[in-house]
Amino acid sequence: MSSTWSNKISFSVFGESHGPAIGVCMDNVPPGESIDLEKIMQFMARRAPKKDGTTTARSEADMPQIVSGYFNGKTTGTPLTALIKNTDQHSGDYLKLSKLARPGHADYTGALRYRGFSDPRGGGHFSGRLTAPLCFAGAVAAQILEKRGIYVGTHIAEIHKIKDDPFDPIKTSREDIIALRSREFPVINEKKGKLMIADIKKAKECQDSVGGIVECIAVNVPAGIGSPIFDGLENSIAHLIFGIPAVKGLEFGAGFNAARMLGSENNDEFYVNDQGHVVTRTNFHGGILGGISSGMPITLRVAFKPTPSISRPQETVDYSAMKNETIAIKGRHDPCVVPRAVPCVEAAVNIALLNHMLDYPNF
Amino acid sequence: MSSTWSNKISFSVFGESHGPAIGVCMDNVPPGESIDLEKIMQFMARRAPKKDGTTTARSEADMPQIVSGYFNGKTTGTPLTALIKNTDQHSGDYLKLSKLARPGHADYTGALRYRGFSDPRGGGHFSGRLTAPLCFAGAVAAQILEKRGIYVGTHIAEIHKIKDDPFDPIKTSREDIIALRSREFPVINEKKGKLMIADIKKAKECQDSVGGIVECIAVNVPAGIGSPIFDGLENSIAHLIFGIPAVKGLEFGAGFNAARMLGSENNDEFYVNDQGHVVTRTNFHGGILGGISSGMPITLRVAFKPTPSISRPQETVDYSAMKNETIAIKGRHDPCVVPRAVPCVEAAVNIALLNHMLDYPNF
Amino acid sequence: MSSTWSNKISFSVFGESHGPAIGVCMDNVPPGESIDLEKIMQFMARRAPKKDGTTTARSEADMPQIVSGYFNGKTTGTPLTALIKNTDQHSGDYLKLSKLARPGHADYTGALRYRGFSDPRGGGHFSGRLTAPLCFAGAVAAQILEKRGIYVGTHIAEIHKIKDDPFDPIKTSREDIIALRSREFPVINEKKGKLMIADIKKAKECQDSVGGIVECIAVNVPAGIGSPIFDGLENSIAHLIFGIPAVKGLEFGAGFNAARMLGSENNDEFYVNDQGHVVTRTNFHGGILGGISSGMPITLRVAFKPTPSISRPQETVDYSAMKNETIAIKGRHDPCVVPRAVPCVEAAVNIALLNHMLDYPNF
Amino acid sequence: MSSTWSNKISFSVFGESHGPAIGVCMDNVPPGESIDLEKIMQFMARRAPKKDGTTTARSEADMPQIVSGYFNGKTTGTPLTALIKNTDQHSGDYLKLSKLARPGHADYTGALRYRGFSDPRGGGHFSGRLTAPLCFAGAVAAQILEKRGIYVGTHIAEIHKIKDDPFDPIKTSREDIIALRSREFPVINEKKGKLMIADIKKAKECQDSVGGIVECIAVNVPAGIGSPIFDGLENSIAHLIFGIPAVKGLEFGAGFNAARMLGSENNDEFYVNDQGHVVTRTNFHGGILGGISSGMPITLRVAFKPTPSISRPQETVDYSAMKNETIAIKGRHDPCVVPRAVPCVEAAVNIALLNHMLDYPNF
């Protein structure tokens, strides 16, 4: 199922960038969970285009309409479906490109996969717009988890080599996480944020784009959630994270740096803390051992490539005629997808955690 | 399902390190595929302990016995099951540790997850031994793919900061891949390999361990395989790769480095080559766009943490008594899991590719 | 997943009887299939209330709106989603009943399952209205199959002991099937049909209801489709058929009568016919052997209980107060669900067959 | 997945009738459940050939060996795998038939499905022997359920028109169920049992075979288990029951008779009983409403066709040469599969119920 993720909960994202609507159908959400629509809108607003010049000027209201599974302010337990109408399409911008493979995009691979029948307008089903229903689903999951004290936070860890301060993998609190959500440009060190914004704007001026890294943390996940081998927290999170367009890498805890450490450095020693809980002194394991939560914060980093849509001329092919061509991509594009990808990563992690929390006794 | 991966093909790995046997049950393997058992043994031998001092001295013959789904040298199409008997267990080495959480291991998280009922001997179901059935399944998948010209190769890209030369992401050939398989220590640059071996031995002498990175390439995968969003090649590969113990990171193509590039650098321009095929001049996308193969080699890198079992004393907890303790892990352990992880990565990628190839017209 | 069926294709039906809309999201439909919306409407119209007095007077237009997965008159291969707005709700009729368990309905069991949070209006997600999206999905599947020559037909085989003539399990043709579809009351023997209609009307007058049996046949299914054990045609069809409300039984071929036959009577002898095809002289096996199609027509019968909503007073409980009560169900109800269930059975069988046909070489 | 059933728990049955072994791999069984191997053997012994002449003379010991997922007498929560060696094969009996399609068997359809590569000896993977691992899995599920008070019982309801007394759908007790298990020929009315035995023996003498019906009841299933539409108790049970060879029909509660009743007859009125529980006065609904348990006994009936293997000459085809032939099936065959099918039905229902019970609060 190309657009469906199925485990204890499942959801399918559907729709095309320039079709009537996009949306999501989630099954197996627990019944009786209060869902605050205002908070959902706030979550989704974080994915909306920014006014600071770092993203596209396309302005979709992206108001989700819930059509099923929600009654009297609570989930019913039956499929929860939300629609988001497409309202601000400039198909003309795209249609003239439709036989040229935009470098870094899925135009060519998608045309092969769907034998030429997919909707090419605005990337169709491959569009970044499909992360809006992902965010809806993640926002629902987040509300359910937050009632159990679990908070998932994200910030821009790096844009084009400019690094933000990292999350403290031991002490990051719920309050730290909430504070980040209200920032227009979600970084921990605002000075670094300004440098990043300047860098993104410069790329835009140069008709170019930049990539970056999103760091994510989940706090208060109880120890013992997940499973070994193929149904662990890393597997579930990875399966979903690689569903976000432009993701090229994922690491947990010390990640690739762990490969450069000695065992005596990388092992996180356990101890019983003052509250009588088993904890670790360091958190290079990123809160997951053997696919199962250790009770320490879960940490991960996601690498995003630079936006492939750039207005500079690029060499490419007309894949219908099989001949070489040059392309210059017009239309409105984010010079950097990372600011808008922040809530998408958060959504994916919330969904994966909710999925595993359903097995938790007395959830 | 903790130990089951299910898609167009499925397989479950089962068994405990010190139980009667481990094994694998694969369903939906196509019928009529010739399987050469000698080649399976060669694949699995690459996962066996090395004689060069870089791995554990435990020597399991690890002879898989096929008990179903195989008739007259060919797959039948019904479930293919293989067993590997456990023969060389020294349970005594482990049993005395059984209530101390080995740092970096899943003892504590596994005890919570399975409420104390999992088999603790030798890591039980969490043992690295469970990668032997993964290799069996991968070896079967590899033989099916190789008949269609698809070859998956792996080498040790890095051990504790010592780097091998990378795969050429454009020109790596089937022959390059086959050559690596016969190397006792699979690196491209043998000088670097010697440095790595020396480093691993040094770690062992210091009662310590080291981590590293495995690089993998798949050549001749036809363009158009995979799907967008949640059923793409990256999702499937990631889901399986994070099933290998000690993996902490995964990147495709330029991976985390893509996050540091400009769009104009990272975009791989298309052109029609002399054979009339659409190809790219560079391969930062790692052969996958929108979850779908582009026809270029698929490249990925997997980060492994240092072996958590080290014989140095470490602080930890007795999680049954909830008190602080010190542990020094005896028994035979790999000072570095990376050399033996090489075929495991190859297995996971072969399985994921076979899975998606089943959708290929005229497969 | 309560409302999702997932195999090679998947679909989720969503919505509540009195919510804004009901609908369906199908994944993995092959790309490039022409879908004629007019024909879909015709299929769905067969499920609409009849004007002959045998069904409810509720008249929903039930116009499905496709919101994704359909472009230029063809499927795109990405999720196909359709919405059907709810327009003719008389919630008042139902709300006063909401704490009384209607006998034969899922009010009480659903309240327990969803801990009181499901939408009770009009049966909510348990409503027979949810068969409208099933019919949409089935109508899509039917069009794809019919292009390959496969036709699925249904008729009312029995209403309250009045029996129609059965399908000829050997000779039923595509034309026979098509002819049935245009009948307002789909029976083979119209005299029997008139008796059935009279019986249904009489039940209605008596404030009672009747049940019946739907017979289904699928012709031109190629031999070799399906699988043994748990992924056979019977398993898939059964899994879906029991998703239609009021179904209490299902039999294939000779069904329960096979249990009363001798092996020498029930075995269908094979022979090679004039066209050189392997066929059977009789068709007690219903076109399926070992879960796999034999090339003979696939035949099945589905038993429906009488509509549980009757306006006669019945004893029941108020399950919130746990006390005994009497209920008389007002509102508009079908005195017999069978006439409207005919296309639902056809839809389920079409979906199951399409699912297995995706494995057919050169599909 | 042809031989895998996957839901909250999953299991794959594997093996061929004349291969080295058959077996089962179950995933997601809860940890810490005591499993009494002696009781498993008793369950499986009920599927063994009978000594009363009603079944085949083939005598497999069918001793399952557990190779994983079981430690210190309890389930570990990791995959539970059991092997049953094949020891009493007379392949010679079958091999000479291998290109003739036995009427009523899957030889022809299986050869098409697996393109001639399946193991034909003794029916291969299509053999009734594959119900032995089903019974193992069911016996495990039964032990887990019985600790929660849930008992599943079965009897032979009908053989070739000779009917046993039915289960009382209201009052059948755990003791009634246990008593049936120790009967060599499990019927309620032993006089009818004798008639059935005589009828089976007569069929055998006539080189013929007979079919029959198995009735099943599950008591003490709490109300509220299951889900509407596609994940209900009927869907799960049906999906598994049609995995048993020779099943042609399935009905719940009043089943096909419900189709002949009036709503006022078929509706089961609710009342609050002396213990303060909501119950029904009659049980035509078979303990399931809207896919969810009502708390009343769950009742179902399964129709089995006569054994297709009969030694009388039958017309058939040589499907390799596509010519007409005559076949007389030698070898040892059950003149009636029903007596040995009794625990298979019980196994399937236990597995389906355990699956849904995993969702029950405080399971």
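Going by the order they are written in, the chains are A, B, C and D; count residues from 1 in each one.
Everything that follows uses one rule, which is that contacts are C-beta pairs under 8 Å (C-beta built on N, C-alpha and C of every residue); 3 or more make two chains touch, one makes a residue touch a chain.
Quick caveat: nothing in here was measured; it's all calculated off a predicted structure.
K.L.:
Which chain has its C-alpha centroid at the greatest distance from the C-alpha centroid of subunit B?
P.N.:
C
K.L.:
Over half of interface residue numbers shared between subunit A and subunit B means same, under half means different, so which is it?
P.N.:
same
K.L.:
Given that subunit A is a copy of subunit C, what angle of rotation, in degrees and a multiple of 5, matches their CA positions?
P.N.:
Going from subunit A to subunit C via C-alpha fit gives 180 degrees.
K.L.:
Could you please state the distance in Å, as a whole number, between where the Cα atoms of subunit A are centred and where those of subunit C are centred?
P.N.:
Taking the mean C-alpha position of each chain, the two centres sit 39 Å apart.
K.L.:
In angstrom, rounded to a whole number, how far apart do the mean CA points of subunit C and subunit D lie?
P.N.:
It comes to 26 Å between the two C-alpha centres.
K.L.:
Give, as an integer number of Å, the spacing between the C-alpha centres of subunit C and subunit B.
P.N.:
Subunit B and subunit C have C-alpha centres separated by 46 Å.
K.L.:
Counting only residues that touch at least 2 other chains, which ones in subunit A make the list?
P.N.:
1-4, 13, 78, 113, 125, 228
K.L.:
Give every residue of subunit C touching subunit A within the complex, in rising order.
P.N.:
Listed in rising order, the residues of subunit C that touch subunit A are 1-4, 6, 10, 12-16, 19-23, 25, 27-28, 31-32, 65, 67-69, 71, 74-81, 83, 113-119, 124-125.
K.L.:
Please give the residue numbers of subunit D that touch subunit C in the complex, ascending.
P.N.:
Residues 1-5, 13, 101, 103-106, 108-110, 112-113, 125-126, 130, 158, 160-161, 203, 208-213, 223-232, 234-235, 238-243, 245, 247-256, 258-272, 276, 278, 280-281, 284-286, 288-294, 303-310, 312, 314-317, 319, 322-324 of subunit D touch subunit C in their complex.
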